[in-house]
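I've put the structures underneath this note.
What follows is chain A paired twice: with chain B in the first complex and chain C in the second.
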Partner chain A sequence: MSRPDASAAHPPHRHGDKPVTSLLSILRKPWLWAFIAAGAAFVATAAVTQAGGWGLGMTALTFAAFSVLVGIGQMFVITLGPGNVDLSIPATMTLAGTLALKAMAGDPAMIPVGLAIALASGLAVGVVNYGLIRLLSIPPIIATLSASFLIQSAAIWSNRGLRVKPPQALADFATGRALGVPNVAVVALLVAVLAWVVLERALAGRRVLAIGQNMRAARLAGVPVDAVRFATYVSCAVLAGLAGFLLASFSGGAALNMGAEYLLMSIAVVVIGGSSIAGGNSNVPGIWGASLFMFLIVSMLNSYGAGAGVRMILTGVIIIAIVAAAGGRKVSR
Partner chain B sequence: MNRDQLRILLPVVSLAVLLGAVFWLQPRAMSYLGLNLLFNLAVPIALATIAQMLIIMVNDLDLSIGTFVSFVACVTATLVQTDPVLGYLVLAAGIAGYAAMGALIHLRNLPAIVVTLGMSFVWGGLAVLILPSPGGASPEWLRSLMTVKPPLVPMAIVASVVIAVAAHLLVRRSAFGVVLRGVGGNAASVERAGWSVLKAKAAAYALAGFFGTLSGMALVGLTTAADANIALRYTLLSIAGVILGGGEFTGGRVSPVGAVIGALTLALAGSFLSFMRLSPDWQIGAQGAILILVLAVRLLVSRGRGRRVAA
Partner chain C sequence: MISTTRLLGIAGLCAAVPFMGLADTSDKSIALSNNYAGNSWRQAMLESWQKVTAQAVEEGVVSAADAFTTAENQATEQAAQIQNMILQGYDAIVINSASPTALNGAVKEACDAGIVVVSFDGIVTEPCAWRIAVDFQEMGRQQVEYLASRLPEGGNLLEIRGLAGVFVDDEIHAGIAAGVQEHPDFKVAAAVNGDWAQDVAQKAVAGVLPSLPDIAGVVTQGGDGYGAAQAFAASGRDMPIIVMGNRHDEMEWWKQAHEENGYETVSLSIAPGVSTLAFWVAQQVLDGADVPKDLTVPFLKVTQEDLEEVLASTQAGGVANVEYTLDDAKAVISDAAQ
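Moving on to the complex of A and B:
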């Protein structure tokens, strides 16, 4: 089964018009629209904002970085095919942030331990999630949902009482900039590059795509389906752990609801970024474009004086409009 | 025993076991007043669970039902109270919004989780606009309806039975219900048999909107006030209720009676945990654990049956 692609609908171009073809092929990239939309929102906001374009751009990079981290994990999970989605991301972020900050207790020497704990809690969540999916044959949505109840309780239980501040050095890193670019954006960019290499150039990514296009065919072709799905769910949870660690350090402590908005965000950036929600066809650049767009659209509505209610309504309407305009892939079963 | 009877057996047993445990821990709960307290908030949860079941029946998932119920609660506590005509028009528009959402999802072949997640923002925003800070009041008739004390059996139980029977007749016994379940089972064959899948999906969503509206109104009748976040957890509770009640994610295989029992089980689980003197921190977690436990038992049961059939 060939990879379903927008270009499949068009007849192949003849040789000889190579430059034109490459230009056209960029125009046909599904992730282009996310960047165009983000650019439009940026221009519209920068026109009225006091901070100026540079400040706005850097803020957007900072906040987009957190969405990128969870979005990439969610993208790999969604790529696995219909029904695959991780709803435990918000709870995982909260748990990782809480446990890590508690372990560090403000001591800069403990930062590596804190990071290790955040990643390990993500790892544990991923193992539990896939264990439920595989051993109990629970649909991924229900498995990750029930797991997230347990994770959330664990986070509430460990978080009770004080709000622990992150070590100063870590807080400085999370809010700081290197050569003018926010550090968290650099981290997210590195993760995105790694994810792109895995998805587009590595065997593992090809296998994820193959499973998403047809799990049975992939199994018959010798793809170790279970191992690949296991690794995908675990990576998603580990990335959520990393995002929770950075977000808690960035915002001066872990809050119980700190992951809440990232449930919608992680799914929205995948879809707006041009990946197929039906799986089997994903791209990494779109995650960045969509994450920037999701932040900029809110700041645009803010700068035009929209209240909280109007802002929420328009955010919802815009997401639905984009998804409706992109249209769903016809699933032939 | 046929498959449908088996499907309903597990939820009934789970509810009975949980109820037995509650009575054992707290014998005083075994009274009119005790049952009323235990199941007090079960009615809105049961209605929201039926709404979710109708969406799951056509192979979709509604992640906006919690915010929709909150929105309805805000409208009921404000507009319906002060300006009934406008209030009911807004509620009707909400149901129409659900129908439009179903039509859009079908026409453009969109993923329901993304569209409903987007709609959850819309309902949440509207709720904040209508009722920026917690407050409002329940319409008088609604308050007296929800707190009526029928003889022998508490209102919550009577209402749950009525909801279960009504939904059962609608989904399992009417020709309309057969078409709706057919859309979940095999949309293409329903289309080929001459029914409009578009109309069926819009109808399923409109019905879900209707039950969601009833849920929000019942909630206001019980709590007498509303806020924009009053029912956010209903999204997860309703999905859990449908699954606990023996529903499946695909194929239109759902059980309305089971869904109501699933909702009652979840409502009871909260009371059970507080009787166990379990820290409130673990309440949500325990609901997750109960869900996993029931699914594990269901797997064992179906495996056991499969083996017997094979042998």
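Moving on to the complex of A and C:
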């Protein structure tokens, strides 16, 4: 099934080819399947929707945005190669949301401070995570999982699970729309564009990919491996902090269990989006496609009245099918 | 050193006797084995335990009442924790269990070692333990009953369920199904899983709403009403009657809606202070009282009339709570004995 050499043998696609080949190259994109699946789920759901697809589409954009933010961070971490994953994302979201909302205490003048606190708590988590990984040589899975206990405890300790309301202006922003598009989706889109530029056009992204394909070779080629890995873990935690800040503002306050579903979600959107779980080969558009799909599939099955058991089985089967389809394309290339 | 401690102990005992009447449990220790602490309900539960037991220890009712929470909400981890408590020599163990059956082995070991085991909320089925159960089915049934009193014509309901596969979710759902059978004018148009979390409920409801007909009422499981209200507000639909679950944000939203347009609903849940009821029951069993093995926790129900009062006494961002006293425990015990 898996071909560890496949990505190394096929360097990332060249851009700016002739029109015909660029159309063909789109068909070969690993992220295409996530969008096809999301589109199919959208059409199936919209078919039973009285109000038409517009409301459904905007709702999907809203909720996909949170998955996109954590998914992009996770994608960069996973790109670093086998064994790299950040399991502290849910706890980081909870901590950032809790600290920020407590600091703002509903005062609109404190919104910049709240945002800064959320990002700073993400920064701190990233530093701790990489400290455990590098200085104590703990494998990332164990390091980030054990860090998440500390982070979650800090969140519990800081506010004992009490929900503090966000400032009204911030709540309005998080639930509001600009030109009909949800604000949180705009934020996630900007972050995605930035991430795409970093991954595809900047030296930093090339270095992340190089490390993921072969860390030893990257080191010998002069890539500052430690600095790049450090920056990657920190960025992932900062994005989780931003997601926690927005989610807490969106849903009327931070709750201790608010990040729980984003642990598997962050990994699922990376894989469904067509990035290699073995690292070294990632793409940003797939994160959006997969995030939309993950929301729409649940909406679709709910709308058709599927029970929880059926819903979980079908979700699992469909995810396997998409990953297999995307993987199959890669092999045949 | 030892004699000083003992003297202090005797002094404490003497001081306690006139107030308590019964102080036969003053040398007994009670442990709380709790499986989860990661939400506001559980945090309030632990705080209530801390508050009531600290006072009980100070008054010499018991010698110790320590709370322990497992990190991962795993039955195996909690079984190991209970085995440690047996070795530490506690006289009673109060359990909020990760599973109704998976801890039975450890619970049996504790009973065999002469330890009193009282389970509550998340109960255990092992016959040697006491059970302070929540009648979750009744909780579901009463929601539909309330909606029937408000909407005699019936209508479409949206059901927000909890975490799939958990016993509590199945029970409340069964109660709601029974209620709908009693009131056949109602139809459950859709059911989604909100995992007892506002943000998850909001997402699930927002996703299913576009495909739904007019919804007259929303039946819930607690911790999901505010998220549902947010999703309905964002969709621009008419606000249905959403049964709430005693959370502060839910009640505050309800109060605001009532002031704006006369919105009325009902809210019911279990007070997190049920942990203190379990504490007093354990104390009573240690004291030699005749306590039936199966007890039922009363609901904490908030209606339009007492909304303001309950809201005022609820900590901002927390859950409506009641801490139980020894007399409350005795009343629950005598109710069950009848």
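The rule is short, and it goes like this: the second predicted complex is superposed on the first by the 301 of 333 C-alpha atoms of A that agree within 3 Å, B and C clash if a C-alpha of one lies under 4 Å from a C-alpha of the other, contacts with A are read in each partner's own complex, and residues count from 1 in each chain.
Throughout what follows, a residue touches a chain if its C-beta (ideal position, glycine included) is under 8 Å from a C-beta of that chain, and two chains touch if they have at least 3 such contacts.
Remember, predicted model here, so these are calculated numbers, not experimental data.
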Clash or fit: chain B and chain C on chain A?
clash
Under the stated touch criterion, which partner chain does A:Gln152 make contact with: chain B (first), chain C (second), both, or neither?
both
Using the touch definition from the top, say if A:Val317 reaches chain B (first), chain C (second), both or neither.
first
According to the stated criteria, A:Gly83 is in contact with first (chain B), second (chain C), both, or neither; which is it?
first
Is A:Gly305 in contact with chain B, with chain C, with both, or with neither (first, second, both, neither)?
second
Would you sort A:Ala268 into first (chain B), second (chain C), both or neither based on which partner it touches?
first
For A:Arg160, decide between first (touching chain B), second (touching chain C), both and neither.
both
A:Ile138 contacts which: chain B (first), chain C (second), both, neither?
first
Tell me which partner A:Ala116 touches in the superposition: chain B (first), chain C (second), both or neither.
neither
Return the residues of chain A at which the contacts from chain B and from chain C coincide.
149, 152, 156, 160, 307-309, 312
Touching chain C in the complex, chain A uses residues 45-46, 48-51, 55-56, 59-60, 62-63, 149, 152, 156, 159-165, 175, 247, 250-253, 255-258, 260-261, 295-296, 298-299, 302-303, 305, 307-309, 312
Contact footprint of chain A on chain C as seen in their complex:
37-40, 42-44, 47, 71, 161, 164-165, 190-193, 195, 197-200, 202-204, 206-213, 226-227, 230, 234-235, 247-249, 315-318
Where on chain A is chain B touching in the complex?
83, 85, 132, 136-139, 141-142, 145-154, 156-157, 160, 263-264, 267-268, 271, 277-278, 307-317, 319-320, 323-324, 327-331
Where on chain B does chain A make contact in their complex?
61, 104, 108-111, 113-115, 117-122, 124-129, 132, 236, 239-240, 243, 249, 279, 281-289, 291-292, 295-296, 299
